[in-house]
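Structures follow.
In the two complexes that follow, subunit A is the common piece, with subunit B as its partner first and subunit C second.
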Partner chain A sequence: MPKLTIDGHEVEVAARTNLIEAARAAGVFIPYFCYHPYLTVVGQCRICMVEIQGQPRLALGCATPATDGLVVKVETSARAKEAREAVMEFLLANHPLDCPVCDQAGECLLQDHSMREQRDTFTTHMAETRRTFPGYERRLLGPHIVQNQNRCIHCSRCIRFTQEISETAALTYKSRGNSEFIDTFDGRAFDDPMSACAADVCPVGALTVREFRFRKRAWKLSSTPSICPGCSIGCNIFIDHHEREVHRFTPRENPAINATWLCDYGRFLADSLNEQTYLYPQRRAAGHMVRAEWGEAIAALALELRAARPLRVVASANLSNEELFLARELFGRHLRGELAVPLAAGEQRRMRNGKGEWLHAADPYPNSLGARRLGLNVVDGEGLSRFLYGGAGLTLILDAEAHPFLAGAEALQLLRVGATAVWMRCEHPLAGVAGWLLPAASLASDEGTFTSSTGVVQRFAAAFSPPGTVHRMPTGAMSPECPTIASPWGPPGEARPLWLVLTALARELGAPNLDLASPAEVFTLMAQTDRAFAGLEWEALGGLKLDESFRERQHVG
Partner chain B sequence: MTTRPLVVATQETTSDVKFDKTMEDRIADVLRRYPTTRAALLPVLWLCQERFGWISPGVISAVAERLGESAAFVEGVVSFYTMYYTSPPARYVLQVCTTLSCSVCGGRELVDHLTAKLGIGFGEKTPDGSFQLVGVQCLGACGNAPVIQINDDYYEDLTPKKLDAVLDDLKGRR
Partner chain C sequence: MEPVLLRARGVPGSRSIATYLAAGGYEGWKRALGLGPDAVVKEVLDSELRGRGGAGFPTGRKWSFVPKDHPGPRYLVCNADESEPGTFKDREIIEHDPHQVIEGIAIASFAIKANTAYIYIRGEFVRWATILEEAIGEARAKGLLGTNVLGSGFDLDIWVHRGAGAYICGEETALIESLEGKRGFPRLKPPFPAVVGVFGKPTVVNNVETLACVPHIMTRGAAWFASIGRPRNTGPKLFCVSGHVNRPGVYELPLGVTFREIIEEHCGGVRGGRKLKAFFPGGSSAPVMTADEVDVKADFDACAEAQTMLGSGGVIVLDDSVDMVAVADNIAHFYAHESCGQCTPCREGSDWCADILDRMAAGHGRASDPDTLLRICRFSSEGMTICPLGDAYALPLSSMVNKFRAEFERRIADATPLPQKRLPVLPWTGPRPGFGI
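Moving on to the complex of A and B:
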């Protein structure tokens, strides 16, 4: 392991680490635009120039490997600083001064570097005319990407992304020199399945995501680490939100799963988290749905559950391990009911990890492996139909979106016999047959773990507390008189995460061991009893850093 | 000297290109001379320009597929070089040297003469598709300035009168 000195700080790094990363480890910042840790190094932008003692020429931080005994000067070298300033001057000579109306502002590497340096070279070119690309200033490059070529700094990150990661090689430079611009073949739509990553890697506002443009200033967003609910691969994401509204998903670095990528399908599920059709518990009375209190609902459900013969519970691979565990213990063990987790086949999704390997999704659920590892009865559509067949009694459907079969006429027919309680968030045909309709909270207000299809147990955090509660996530189990203080920002309603309802039911049903105060406590119990989770600790899961700031993640953005 | 007119394929015939046996043979021949297929991209494009007169999107797709590159990449390369025509050229492309030696030896007069005679400026084609005017940098024949390259041939020591004769001759030819 080479040991080197950077601006007076000694640091030891793994062989083949480049100077940018070595400096990062030493707490010294070397600026970069074209370098990206998961793309090939091209040494194109020249902003990373540093001085190496004993070498007459300046070296590139991105393209120089750390070697033993190297003495590197970044801020302490006047020569290197001057060279970097010159690069900046060239870039800014043509870059538009439109930060106030640029959607990248706040997460722009060029803006950040300008602010950091504060040199007056940045004002010398204020009044000059700039190179422009008429017709390419606000162009839809593809369904999700808006291009403003005037802002491009020709770093080729977007091109390399399509060549090396998504492998569509759909983007290219056209023309040359001062008139070089980014385009697709013959002006075709840029419809790469991971197209929005091209905007992620673009260091400036040349490529921006259409769905997010002008929704929210980047600095207003809070970022909560979470897991993409789109499929079993379990890509790590940030839920970027403001005032209890989800504005976007962005990739969160995880070399073993998604490096710094995200597929468009998963990314654009973000908006669906804001949907909340059902706000309050409802009960069917004389053919109509009437609003009920949670306390009333839990007491009544507990009574029905005690008497239910048979009791059938349709769980879901969209639920967290903690929720599935609670359901298994409470409905399976304690009440001796039958459980099933239906799985449907989905589209073939794939993701590229940090080693460049493709991971393939098993199904469109974030926690199908979790359900299997908890020993739950996993069924397909046909199995679900058999599971629901015959017998009166009580059927609980813990997630209306568990399987498309549940939205079909056959399921509705089967569920007309006996009583049914359904948890749902958005408009769903099951509302027509439910005796109890319970509003479910979205992933943004839930907390727990999913097991990825590669077997990693990954934690996701709650971005904000469920609607109608005070802003903090409640740490105690839900009291029957759940608070409904209308938040000044939050939407009204009483949707609750499932784990909270299950622990309340456990208390009501005389299962005090399951009356736990948080998903963390459920996890701890689960780790003690279930082999699949043995030895795992909530706090240490998946390197989840809840305090990771918005700034820090730009290192890979 | 007999300069042959360019074969210029129409937009339609080059929209969906399949290489015939002759082309395939020539491409294979080129490929043999280069260490990687990517390295053979420029000469293969050159073959295509000889055959079709210009590099259409259809030609780009065909070349990309043949060489295992993305169409976007090939188009990027094509757009880098000015000598690949990305729209159908005229039958005779008049590449007038505009660099110093030619300019001072009468090149500027030639340009004036040509623009007046043909009624077109640099980058334009005559309506009948006979001539196209292109300004180029030093053709490396300064000793015989002024110089115009017509398609692949050099015409040197030109005067407006000599040029008229050349153009009339070419125009009469089919």
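Moving on to the complex of A and C:
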């Protein structure tokens, strides 16, 4: 463990840590553009120049390992500061000053550094015509990536990403020297399964994500730590949202699972979180669906649940551990109903962790291992058909998207017998047979934990409260009213996360031990009763800290 | 001095192995095989041979950096990517005496225990690549290369690899990348090639001229070699004199002669009786020297003392008809074109300098331009870049601005465009280079 001094702060770091990371530990910031913690070090941008006492030449923060007794000067060295200023002058000599129309503004490393170090002092000696790449200002490199070569600072992060992480080597440099530019190898489309990460690692606005371009200025977005719902790998993400609308997913660092990457499939699920077809609870009356109040719905459902013989519950691996636990305890143990969790095979997905190992997943659920660990009855499509076969007093379907079988004619035929209550968010054939149709909230306003395929219990937070809940208006006053569609503070509706409905049902059904106020309380109970969660603490579940340094590291990838 | 490296120049049939063997060729190789690798390294260390490629690093020390206990393969690379402006010595050696180079490669490979050696030759040198291929074939036929060379149990294969036309691939780590089939980007050092080189294995990269010296050290002994030149700057050196002299060409002289002797005695003085204005001692990337510095000794240490470098020994002589702004413009354009584009100061700075000098040459110079040039150069050199290409343009340009500042300022004040003195380029009518081999 080498011990070194950086700008007067003593710090002890692990062997082979470089100076950028060592300085971060010491609370000193060394700027960088081309350095990325999960890519090879190339030392191209030269902005991380620091002075090391006793060495005649400046050293690179990214390529110099921390060694014992090193005395490093970052802010306190006039020489290093001067060199960094010169590098900025070189970079800005040819970088367009189009921040007002650049989509990266607000999360641009070049802009950040310029604002941090040279706010008032920046001068340029450049009097020549700026280098441009006509025809490369708005070029679609692939289905998701838009290139503006004029903004490129030649850090080669995107190239290294395709070479080292996604292993497609799809991007490459063409030409040489000052006219060098980024292109796809052989002119093929950049359709890497992780292509949008190239825009994540791009420190400037040279590569941007087509789906997010001009949708929202970065500084308007709030980021909420969450887990990607796309598959069981459980990549850590930020839900970036503004005014109760999800605008994108960005990867959140977790060396054990997704390092700082996210696949395109998962990333572009972000928009699906905004879909909400069903806004209010509805009840079938004389063949028509009629709007109902939640209170009414819960009271009526409780009555039906008590009377149901037998009671069948189709849970889902899309539900959080807390929701599955509540369902098991309430419907299984308290009401003696039957539960099944249907699992379907999905597309093969893979993700590279911080050690460079590939993690694989073959099912499209974020919590299939959680359902198994809770001891629930896991069935496949055929098993689900057997489960639904025969009459039941009441069938609860906690998630209409639990299995594609539920959308098929056979399932609809089977469910015509007996009463059915279905939780759903978007258009689904089950709406045609449901006696009760209950609006489910999206992942963005749910809270809880998923168990990843590697067995890690990971917490996700609610990005915003569910629609229609009491919340503060911009004036600060409490608004009891349901916001309207035009209101800037939220979409309409009364969709509620499932855990909230289940605890209300527990209250109604006389199961006071399950009448809990938050997923945190459910988790605590679960940790006491279930071996799979023993010893885990809600607060200690990883990766939900959101201080500035953490965030900064996320966004540079 | 009797010629050593160029002794075969002018001898009929000098390229054939028969001529080479008749003149005592491959005796050094046989002696080396008898001595053993460590003794060969010692002999070269004692000779104080320094790298002729430009940096002047002691060759024996370079060889001794190869890890002794490395289990896998190691490689020797002969750098024949001679692309420094004003340098044409390696071509001359290969043209007249390719076996000298082959023998040097064999001895060096043996010294570092490499069983594979590559000759990385400049892409345009099609003719000389063919000559080397033929020479390797002849040596192999005589059992001097291949498996179990001369019954010693040592195997050696030499491959000729042609570059693709980038100046930067003369830099040893860019050369290695290019040899591996990648884009010629210099690598970040450390690790040095002696530890992690070609295909990640320990590698020594030596210049053609350096390797050509090795057989002579082996046959005549380190003491003989060290007796040529002066201490720490030993041996014969090829000087490629170009520019405004009466007899330009390649001259073999001991290290330590003065530039005055080279220019006036050997090259017949400045052409047309004009006055010497300036000269580059070692290719265009060495800081320029003025006529007052013509008595500096042409060796590594004396040049370093004069704040320039001997480099590759490419002496470019400029007479008083030359405008320094035009020279600077020309040089800046070369380096802007050849910058690999990897690291910021060199990519942005080289082109920026070229733009400024273009503007000056067009008569639109600004009073602040010389200082801007000096600033760009200052922050492109001395460790600001990955490889020495930053220094290669920054040091000569800043030396020109510093030593001829008055001329730059006069050009700015004059505000008239410089006459274009570029030679017309004739269209090529022969076979396209690059398709002959």
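By our rule, the second predicted complex is superposed on the first by the 517 of 557 C-alpha atoms of A that agree within 3 Å, B and C clash if a C-alpha of one lies under 4 Å from a C-alpha of the other, contacts with A are read in each partner's own complex, and residues count from 1 in each chain.
Note that contacts are C-beta pairs under 8 Å (C-beta built on N, C-alpha and C of every residue); 3 or more make two chains touch, one makes a residue touch a chain.
Because the structure is a prediction, the values reported are computed rather than measured.
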Partner chain in contact with A:173 - subunit B first, subunit C second, else both or neither: both
Touched subunit A residues, subunit B compared with subunit C: C
First (subunit B), second (subunit C), both or neither touched by A:424: neither
A:41 touches, of subunit B and subunit C: first, second, both or neither? second
Touched partner set for A:93, first subunit B, second subunit C, both or neither: second
First, second, both or neither for A:58, with subunit B first and subunit C second: second
Subunit B versus subunit C as contact partner of A:186, first or second or both or neither: first
Residues on subunit A lying within both footprints (that of subunit B and that of subunit C): 172-173, 175-176
Contact footprint of subunit B on subunit A as seen in their complex: 162-163, 168-176, 183-186
Complex contacts: residues of subunit C adjacent to subunit A: 166, 183, 188, 336-345, 347-352, 355-356, 359, 366, 368, 372, 375-376, 378-379, 382-386
Complex interface listing, subunit B residues touching subunit A: 57, 60-61, 69-76, 79-80
Subunit A - residues contacting subunit C, complex: 41-47, 49, 57-58, 60, 63, 83, 86-87, 90-91, 93-94, 125-129, 131, 153-154, 156, 172-173, 175-180
